[in-house]
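Right, I'll just put the structure down here and ask away after.
Chains here go by letter, A, B, C and D, matching the order in which they are written, and residues are numbered from 1 within each.
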């Protein structure tokens, strides 16, 4: 499915609009960004389990080891905390490492180095040092990956000052945000969605960066604002098509960066539509949806015509059975249901939505 | 012993056969090639002894007495599975048989076995814990922390490292400064041995000593069992075509097939005649067929069951 | 300072109201709970760095090693992830461990075992096993503890289904919630505040439990609801005294448990006061305040007369200098300021508060 | 060398003196008793060589060339401190002198030194990294992960374990299955030695070899330096009164005072006459007095500076 890119992208984010013709997949966009960054800057290197093997992390690092040598593209022991610390050390000594994890579930192993070290180093030392480290990690859904291989833990990192968190949903953003992350002087958690790797879309050949902290309007609309994160942006677009048939016109915002968050873009939209739904790939409690809801409830409350709703994975660990997965993961159906619910609702009739 | 090895082998072969139908939607990490280890170790264990296992855990579970029907139902995401369809292939548990659970986090299971052993000591019972893990788990800090604690407190644990030389596609030499894992483990002041993990008799005897030692309160033992996985890291296919590993390496190890070797030994020594072997094979095939039917015919969980069992 | 306990406590939470006479400190309440739990149940044991040393974790484990023996009260290596896993293993084998950390900052070391194991074990295995593990950890403020020794990371755990999180603020709650946590079949993160150890208050001698998931109204009021967590409950009480002089009457809710959260209690209060402020000890982004704000914005939106405000630590790592600490940590002043701000405000005039 | 040891000792003694005034509001972990280690190691290092350090880091920082004035200002939370008052006693950094930073998370600093060494190799320079850490850090998984990686990649790192037998009040024997840390480290296939950490000459010579070895591309070395801390784990007092450790143990180690021993050696061998020693002491006192004045007179940061330096 094609993700419509609104013209607003060209004004609110850097880079040209979608009508360009060079088409690449999300996977290729990531690989191209890595290759270009490594080409231009000898400080950039790529490390992680399997980055140099035939699978090449779903193909996103394919050919890099051959091209740049195994000193700059190398496999690591399965020792996430130590390896993260080693990357931080390399960053402190002038390198710009890109550390790759096949699944976001492995980040808790390295939480100490991420939270207590990478996030703290610059501030704690009064700005005298910094940690230009990019941590790529992958989320996904389906095929019974179950509780330990499926988590979408972005909120844990958004909570921590000193970290940046981005979640690109289009090939265009994947390239622009990866280049921006590598160029950033701070640790960035770069979250990819496995279901997006085959998506294709416009990707300019030249290098470009998308400023971290800038969201984008994927679709303009007047009836409700749906803030949709990562793969949920596609679910929102699907929902929009269906809702359109019922004469309902939603605005879709893809924040792209979760920390910092482009809350102004969201506020502006809510001021227009008066209704807000946040669709996240992760859990609800203290999640990204909570943060967005809280900001709107603080800074744009008076514009709301209906309760704020969050769409997220169920309040349970991830099940294996596909029958339960259907219930666990939210989809366009949930968005459609919730938009309709809100349109029939005044702020005084809450009746909470199931998720 | 032969029956058990055969059961593990044939169970996994059945998974290979069924998987392409795409209705067993759970990532499978097959145990084919490792059978001698689970068999040799677990046949020394009592029903209430503990085992912690990893992503490649089918063999450990069968060897510890778990029911293949309920395992297969679990792989199919059925309500009748060991975990009501919530766990899948990577997550099996059976408190009745002492299976503490299989963790798909590399290195995650070691401390669990150590903790269960701590409980055994505190409760004053004689239960022994076995931690099964791969060479990949040796990379992790939890390896160090678990071995140190177990030895410090002289806990009844046997650490069984199934060294198949690879973690996904990463060779041991790309990950370990010391290729001799057993020697690394010696640093924690516990007896440590390296054995041929494809020789079930050696595994059995080494494990017997280690388990007896643990049971008699003398503390932990480390066993490195060298072996090889035949299939891809995950899934039913072989990965040598994809260039993940040298074909000759696989061929060498297939020649040293643990099941075949034990079969030949039994025949050579006239312990079990060919006819009885065939009968055993038939019996296992039947068990597995029954398991498949049970699993396929079992109901799926209902969506609302998702919300159960969180707390 | 004395924390008033409203009569509501006796109806909404278990246990008698405050006019009892037996007085104990928070520290003593914790120790008493541990001793009673160990006395009654031989499965309970206490492990952690320094639990058996002369400091005895700020005195909270004093005398336990002598009384129950060093097999049940023991020091551990500094290996948080492994030790947490070992405690999980012991819990699976029928024990009820209490693991103690001197600072919450050390929990990221064991995030893998907490998030990927303890939180998952019961669900992932279809309810066939469970992990009755209590993890005590301590937060604090001041004296230049700086970025790595000061974090109040409760939100990271609230985010994860399968964990419970409690933060008692009174000696009464400390004892009742610790006994409830030890009795619970699930992993509980039990967060204490160092500044509360010397607080004293009514603590019955007998064992009692406070149900996890039940909040309490600390002060009844009609003008605004202040949800105040852990030590912030005291700051809220201080603020209430001062506001009272200006004729402003706030209602203070101490949720005590963050996961599960007693949101009904909060909704009811907001329905009455129409104004909500959440004062937390941790960070704002994806924090506990965000979750509470989001729930109210979903289920009680129509009752709000003013924007929802969050009071939290600044969006920075913790500084060392006391001059900067003053700016970093919120206090009763911030609560007073924010309450007054909200009283002068309609939902349409947002002007966000600094923090 | 004597000058440096004196500087570290007298600096810490000044902290002991000033701390009770309660205006140095930052938890101090004093280095008194360990001086020979930082001195012996760092005098072999170049200015641009890297050091990672821990909560007990004052000595390492002074030995690596950091300015006592800016250190003390940092302890007082002043704007002129190394970290503008944001770090305090436990958090010092100085990129100009190769100090990567001190982590107050036990075991947190080891991977940083290894990573800097990795960068040195990638950049093709000759910089060496030293990781200073305590026996407590040996408990952590990061110890295992760091040693393994450094040895696997033959990185220019020297691991310096300051074994003072305690981590807070916990004796090594309550934490380590193997009391011989150097022996444990051998498992990673790197040269590993255990030396008297109170003998500055031995430390110096051992470190010289290790650092030369690293610089010439031969890989990491492990040094266990046995020593003792004189003060409480944290703060300016002594902890034997509180029953944390046996008084006789402390007394024994005070007799082996590294500064005194080196002083006596210098006198015995007639390397430095007493008069020059006194002169050095006077000079150090002056430096420190100046540092105190600088620190005390420095301005505090302004509240809005809190919001700077996050990104």
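The rule is short, and it goes like this: a contact is a pair of C-beta atoms (placed from the backbone, for glycine too) under 8 Å apart; a residue touches a chain by one contact, two chains touch by 3 or more.
This one's a predicted model, so the numbers in the text were calculated from it and none came from an experiment.
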Contact network partition after chain A is left out of the picture:
one piece
Taking the mean of the C-alpha atoms as each chain's centre, how many Å separate chain A from chain D?
41
Where chain B and chain D are represented by their mean Cα positions, the distance between them in whole Å
45
When centres are defined as mean Cα positions, the distance from chain C to chain D in whole Å is 37
Using mean CA coordinates as chain centres, what's the gap between chain A and chain C in Å?
31
Residues within chain A bordering two or more other chains
76-77, 79, 81-82, 105, 109, 112, 116, 123-124, 146-148, 161-162, 315-317, 319
For chain D, write out the residues touching at least two other chains, lowest number first.
83, 85-87, 91, 103, 105, 108, 139-142, 144-145, 148-149, 152, 174-176, 310
Line, ring, star, complete or other: which describes how these chains touch one another?
complete
Can you list the chain D residues touching chain B in their complex?
139-145, 147-152, 174-178, 183-190
Of all residues in chain C, which touch chain D in the complex?
49-50, 53-55, 75-82, 105-106, 109, 142-149, 314-317, 319-324, 326-328
Chain A touches which residues of chain C in the complex?
81, 105, 108-109, 111-112, 114-116, 119-120, 123-124, 146-148, 151, 153, 155-156, 158-162, 259, 282-283, 285-291, 293-294, 296-304, 306-310, 315-317, 319, 346-350, 352-353
With touch defined as at the start, can you tell me which chain B residues reach chain C in the complex?
50, 52, 81-87, 91-95, 100-101, 103, 105, 108, 110-123, 127, 129, 141-142, 144-146, 148-149, 152, 308-311
Complex contact set, residues of chain C against chain B:
45, 71-72, 76-77, 79, 81-95, 112-113, 116-117, 121-129, 161-162, 164, 185-186
